[in-house]
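The first chain written gets the first letter, and so on, giving A, B, C and D; residue counts start at 1 in each chain.
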Amino acid sequence: MAIALVLVPLLFASIAFAVPSGRWRPWLLPVGAAAHLALTVAAVQAGEVSALDGWLRIDPLSRLLLPLLSLLFFVCSLYAPGYLALRPERKNRVFCTALFGFLAMMSLITVSHHLGLMWVALEATTLASAPLLYFNHNARSVEATWKYLLIGAVGIALALLGSFFLAYAALVPGLETSLLFEDLVRQAPQLSRPWLRAAFVLLFVGYGTKMGLAPMHTWKPDAYGEAPGLVGALLAGGLTTCAFLALLRFYQICSAAGEAAFARELLVTMGIVSMAVAAVFMARQRDFKRMLAYSSVEHMGILVLGIGIGGAATFGALFHVINNALAKGVMFLSAANIHRAYGSKTTDAVAGALRRVPASGALFLVGFFAVTGSPPFAPFLSEFTILRATIDAGRYGVAAGFLVLLFAVFVGMGATVLAVVQGEPPGDVRETGFHDRVGTVAPIVVLLALVILFGVYVPSGMSAALWDAARFVEARP
Amino acid sequence: MSEWLVVAAIVLAGASGVAGLLGGRGGAAGERIAALAMFAAGGCGLVAGFAGLLGGEPGLLQAAWPVPGGRFALQVDPLSALFVVQISLIAPLGSLYGLGYWAQRDHPENGARLRAFYGLVVAGMLLLVVARNAVLFLVGWELMALAAFLTITTEDEQRAVREAGYLYLVATRFGTLCLFAMFGLLFAASGTLEFEGWSRAMRSPLADAVFVLALLGFGLKAGVMPLHVWLPGAHANAPSHVSALMSGVLIKMGIYGLARITSLYALPPPWWGHALVGLGVVSAVLGVAFALGQHDLKRLLAYHSVENIGIICIGLGVALLGRSLGRDDLVALGLAGALLHTWNHGLFKALLFLSAGSVLHATGTRDLDRLGGLSRQMPSTALAFLVGAVAICGLPPLNGLVSELLVYLGLFRLVGGESGRAWLAGALAAPALALVGALAIACFVKAFGTVFLGAPRSRATVGAHEAGASMLAPMGVLAACCFGIGLGAPLVVPLLGPAVASWSGAPLAVPLGQLAPLRSVAVASASILAACALLGAWLAARTRRAAGAVGTWDCGYAAPGPRMQYSSSSFADTLVRLFSWALRPEASELRLREAFPPPAAFRSHVPDTVLDRVLLPGFRAADRVLGWLRLLQRGSVHLYLLYVVATVVALLLWR
Amino acid sequence: MSSAVDSLLVVVLLLNFMLLGTSRLGAAINGSALQGVILGVLTVFVHGSFGARPLLVGVAAAGIKGLLIPGLLHRALRDAAIRREIEPFVGYVPSLLLGAVATGAALLFTSELPLAHGHADSLLIPSSLATALVGFILLTTRRKAITQVVGYLVLENGIFIMGLTLHEAMPLLVELGVLLDLLVAIFVIGIVIDHIHREFASLDVTRLEALKE
Amino acid sequence: MPIVHSVIHVGLVLVLPPLLLGVINKTKALFAGRVGPPWLQAYYDLLKLLRKGSVFSRTTTWVFRAGPVVALVTGLFAALLLPLGGHAAPFGFEGDFVVLVYALGLGRFFTVAAALDTGSAFEGMGGAREVTFSCLAEPALFLGLLVLARASGSLSLGGMLGPEVLGAWASDGAPLAAVLVSLMVVLLVENSRIPFDDPNTHLELTMIHEVMVLDHGGPALGLIHYAAAVKLFVFAALVVGVAVPLGTADPWLAWLGFTAALLALAVVVGVIESIMARLRLLQVPTLLVAACLLSAFGIVLLAREWT
């Protein structure tokens, strides 16, 4: 079952590569995504199953994140045909193939329990997303892709070095080294402390780079700024979630080895640093796609902070992974529509989106309220849970910092979003002939409906999965 | 039973606008459905509210709500019922007013949207007032805040509206974050997010922090002086019936919040009472001082909301002092004064905003210096504004006097009976309240005089016509309510008894009737009214055969022009100069150097000191500092790689 | 056996300094290729026995790092038609000094850490860290895109050395996965370099600074 | 018996006020060495005005007619709240001082509104000044009332100006003296007497009260003059209540004593008007603030013994 999750998208990738006509290929995406979604639902129902002698296993964490990734990809794939139809001048053969490859690797990451294999999958996602970023084929997207590749590759290399450090930490006391997650967690208490801590630092920086945590976030604004909205949604919702999952794995090993205090201190500090950097770069930001990238940096900071606080905050952080992915999806896709409608991304040329493209403008504004954690929406619940746990843990300084930075981000982001959404469309904007179509708006409405649903009613199945995952992350097996 | 009615009201109010959205652009039907639905919601709310006020033990409607930390718990206890009544009275009137003021045919593109969000604001308020769980409260709170933002920015093609909207949104978010922290602290202190679970929490050392955060969060929504920055802009730029709803009811949610949180404390430390009274005095005095300097009618009314909130805070402060000094009479008088003033202010401020709205609707301008002599073209609006003005200054026949009298009695009893430092608050607050009363009279005579009396100062008032029936009816109802409370004080004030009892936790030792001279005030108001009517009739009869229409004598001055009349800035000039230490008025200097000076114009303007002198420069300075930090992202790949390596090295060394 | 390993590792360290010192791109590519081949040989030596697994990994590593990747880079170099690295940020002599400091730091770092019984005196761990640090220096100081790729390769080689000590932890499939990833990475980077060349008519990375705050 | 006293109270309120004006003018005339208008001149003016016809400007509305009416009604109502000569006020209750001040406020609101209604620059000027100075006078009045309330321990005017004041003079005379002076200043400001405003000047730029009623004529002007007199009576009764706390030994003697004290106060006002010149308008606020500080000082003195 787990293997099928990886092979089916690869199969679709090859079909997509083979299909000659550019007009029909995009429709493969929804079909492949639907198949993957069905597989996921079946895999999650099947419960604790493992394959390839323990290498692939569906544990509580993957049971939580796999449906999220698959659902996000499915909605984005519904958006893709409408979007690609608007861009007939761009060839989409490599684009569709890379998308399916991206989905395959993401599935592999969530189910792989062998940390080396997980590393290979993550490296593959970086390579698969390179052509996605380069879809616009202009000077700026080349630069964005180059930076993304180089920083990503260096980050991933560090992660590999970290994995080797971890394996070596088992070698020092003479244990039988293995990168299998279960073995590592079993051997955790005997691992040599210095190597383990060095390993965690390297892994944190490595996978932190892929997540886009500050100060390793520098590639994010360029990459998300220049990529099409669809790719931005997938990267911000999917890839960061996988990198966060990888980080969670190593956090589990660290806490199993009794080094939780060190890991938590590191996570909380870097969480606050990321939120601060996001707040700084969000103020007076004129490009609304780069603004979304910084918002993603901020939310990664919140996730890491949540894990660092522990207890109910872990539950909050895991819930926030879901909310963040969905809310980011809404923002990126509506931003893409607005970008198409105005042909520009900066607030100098873009204004009055509510009048020009009413549906996308409204979704963009409501998405902004959701992303910044306003109550009727889901991100509020997770952020409030994290805040509650932080204060309950007596860390008033961190809680105060958390709130001040949330406010700073809101001020910065609000200025940009309101400039885009409100007012009159500038007179000289050239007529790009783009207006809201069902194909480009319905998927966003689906995502937003989910964000509102989870804000008002958390289905019992999901909250059970969340509690299992939280206990799994916290528990000492 | 009343809980179900409130739920019905919430659903009806929330859904009232949706009908309008479906009704399509020209949908006049949508308009009427929305108004009808709002009236139905108001009806349910009124029944539930009065049931809650008069009824005995409030029931608790609760259901599981599968949200982390959330529980669907509603209760209409007397304190909430009081606010439910206020919301359910003013919201329908506002929506009825909207039919005429913001008709769908005049505003096809944003009419339906405004009604939809107007309904959501009302729904949000109703929800937060009866919520008994922190998460539910916050959902209601933010629903109200965001929907209010979307109503304020209805006409977002104008730059001023956008700026006011953004300022409001940022200020509301700051308040909401303070509430997040407050509820977090309450959860940490008591382990639960349920309101009734918190009374145990109050002995913990966090109580002071909770109070400060409550003051910040709720004070900001109420518009207490240093946190009032968003209020003038938002009220001036919103459509008038939205401003009426906001200043009449929305800012009272802050007062409800303060009352609810302070009611959790059995023995609050005295500095809380002093802080609230101090803030109240500052808000009242500076609020009315700023109002005096305004040229824009709706900004003037907005600053008056700050002043009245100050009076309410003084009342609440007296109640808190009463509780910490163990004086039940102070608690009763202070709180009854505050809560009654909340009702009264809701009524006469909504009346004033609605009449200002009809002036704006008729003349198209809010600038006092271009209006004048409107009472001839708009007699009913002029009368409504006059009733509102007399009520807001707390003058006898109307309701303002009753609530201010209760607060005065609280203050005088504080000074009279107390030794120790507590009397200081009373000794400072009573004269300040008197000063505020006099300044309010000055400000509203100016407003009433420059808009409705004298000769028209510009051509703006030429085409002015009286407002339609749908706009006058709500004003009539509100004016009647003002008279009702003013003359019927002995019937209305005892209604507050249960609310005061539920706030202080113990039943009232001395009923409100004995504590405050309600019957005498009613008799006094009635007698003044009757005497004026009699003497007026006599004078009218006596001067019926007045000589023909003649120009104003004006000491025989040959050709007085309308521009020579006292304008809003000249009328308040001495007072503005008296308060110039706080107001910092700006005026264009007139330097006449040469013999025949060229024509010059004089313009004076009173900026909002807190906003324009403190916050904006502060944000600009912070922005400059951030400017340099932004250099970190200079675009070179090498630099970025260096960051990664530096982080690794730093973390390894830090280990 | 360990003496042969140490001597090969010394050659690797020397190659590091050669890479830091050279200004000709062709020499840099060949240097990294040589380093790759040595690593392939090292895989067999470190394992001690000529079993099927180390032999296969060794040959694959040598093949990919020694032949395929340098071939790609030379083709990219030929299209871009540039020969020499213009003045890097730090200059050649300071780069060498930095390389020396890096190697010293690696030695110091490993001496501080408790080593497994077999590696107490061997050069394996310090040389892997040193090579990784040299890779970083190349990445952060050179202007040409191709030199940065060489820097990345050296970094990978350093990590590969570290991988040699953990033959049980890294099953064959994962080992090959890592090498395959490296190959695809360089392939994709090659395409991007080609597009950079077409877009900017030069491979000077400092030209790529349009995206900034 | 109290019914008789209430009747006398109402009688005094209706009849006595114009006489005060007569006494003041007679005193000023005496000082200036002229004969001056007869004692009852104010009554004659009133009767003359009530019989005359009236002229109303085009720009005025019903508010113009309502001004004098409300001013008179509120003045009379305020007078009913005050205890005269130790007798209980016909309509006293706890907190009646607030209703008194705000009733006078209502009168002021409509007088100024009527002034603005004419649309002339001079009336506007008068209105602005009237409102400004009353803003400073009211806090002084309230501080005074605070001291009285604290000294007499009662919250109703009946208690504050009643017999307890006699005891209060003994125990804390200084604060009461300070309050008396500040109440005197408030009386002079509110009734536009010399140091603050000249009642019978003809230069519009210097007037406050007179300029507000420029355009009134006939019966309306009559009502205004009568209302001004009643207002003077109210403030005088307040000052007398504090200055001369009459015991209630013999009610009739109390009434006589009160009337005498009232007339004596009128003479004092006349003397002040004769020996002082009108202050520059910008000086008035400073003097009023001084009055406020005086009564505040009274409170501090009172507070000395309980803290």
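Rule of thumb we're sticking to: a residue touches a chain if its C-beta (ideal position, glycine included) is under 8 Å from a C-beta of that chain, and two chains touch if they have at least 3 such contacts.
On a predicted model such as this, the values are computed, not experimentally measured, just so you know.
For the pairs B-C and A-B, the larger set of C-beta contacts lies at A-B.
Remark: subunit A and subunit D have CA centroids separated by 77 Å (rounded to whole angstrom).
The distance from the centre of subunit C to the centre of subunit D, each centre being the mean of the chain's C-alpha atoms, comes to 100 Å. Between the Cα centres of subunit B and subunit C there is a gap of 69 Å.
Put simply, the C-alpha centre of subunit A and that of subunit B have 43 angstrom between them.
Shown for subunit A are the residues in touch with two or more other chains, namely 146-147, 150, 154, 198, 221, 281. Along subunit C, residues 136, 139, 148, 205, 208-211, 213 each make contact with two or more other chains.
All chain pairs that count as touching, in label order, are A-B, A-C, B-C, B-D.
Listing the residues of subunit C that touch subunit B in their complex gives 89, 136, 139-141, 148, 205-206, 208-213. The residues of subunit A lying in touch with subunit C in their complex are 114, 116-117, 119-120, 123-124, 126-127, 130-131, 134, 139-140, 142-147, 149-150, 153-154, 157, 160-161, 164-165, 167-168, 170-172, 174, 176-179, 192, 194-195, 198, 221-222, 225-226, 281, 285.
On subunit B, the positions that touch subunit A within their shared complex are 65-70, 135, 138-139, 141-143, 146, 153, 156-157, 159, 162, 165-166, 169-170, 173-174, 176-178, 180-181, 183-185, 187-188, 193, 623, 626, 629-630, 633, 637, 639-641, 643-644, 646-648, 651-652, 655.
Residues 50, 53-61, 63, 65-66, 68-70, 72-74, 76-77, 91, 93-96, 98-99, 101-103, 105-106, 108-109, 112-113, 116-122, 124-125, 127-129, 131-132, 134-135, 137-143, 146, 149-150, 153, 155, 204, 214-215, 218-220, 223, 285, 292, 296, 299, 303, 306-307 of subunit D are the ones touching subunit B in the complex. For subunit A in complex with subunit B, the residues that touch the partner chain are 146-147, 150-151, 154-155, 158, 197-198, 201-202, 204-205, 208-209, 215-216, 218-219, 221, 262, 266, 280-281, 283-284, 312, 315-316, 319, 352, 354, 369, 372, 374-376, 380-382, 384-385, 387-388, 390-392, 394, 399-400, 403, 406-407, 410-411, 414-415, 418, 422-424, 455-460, 463.
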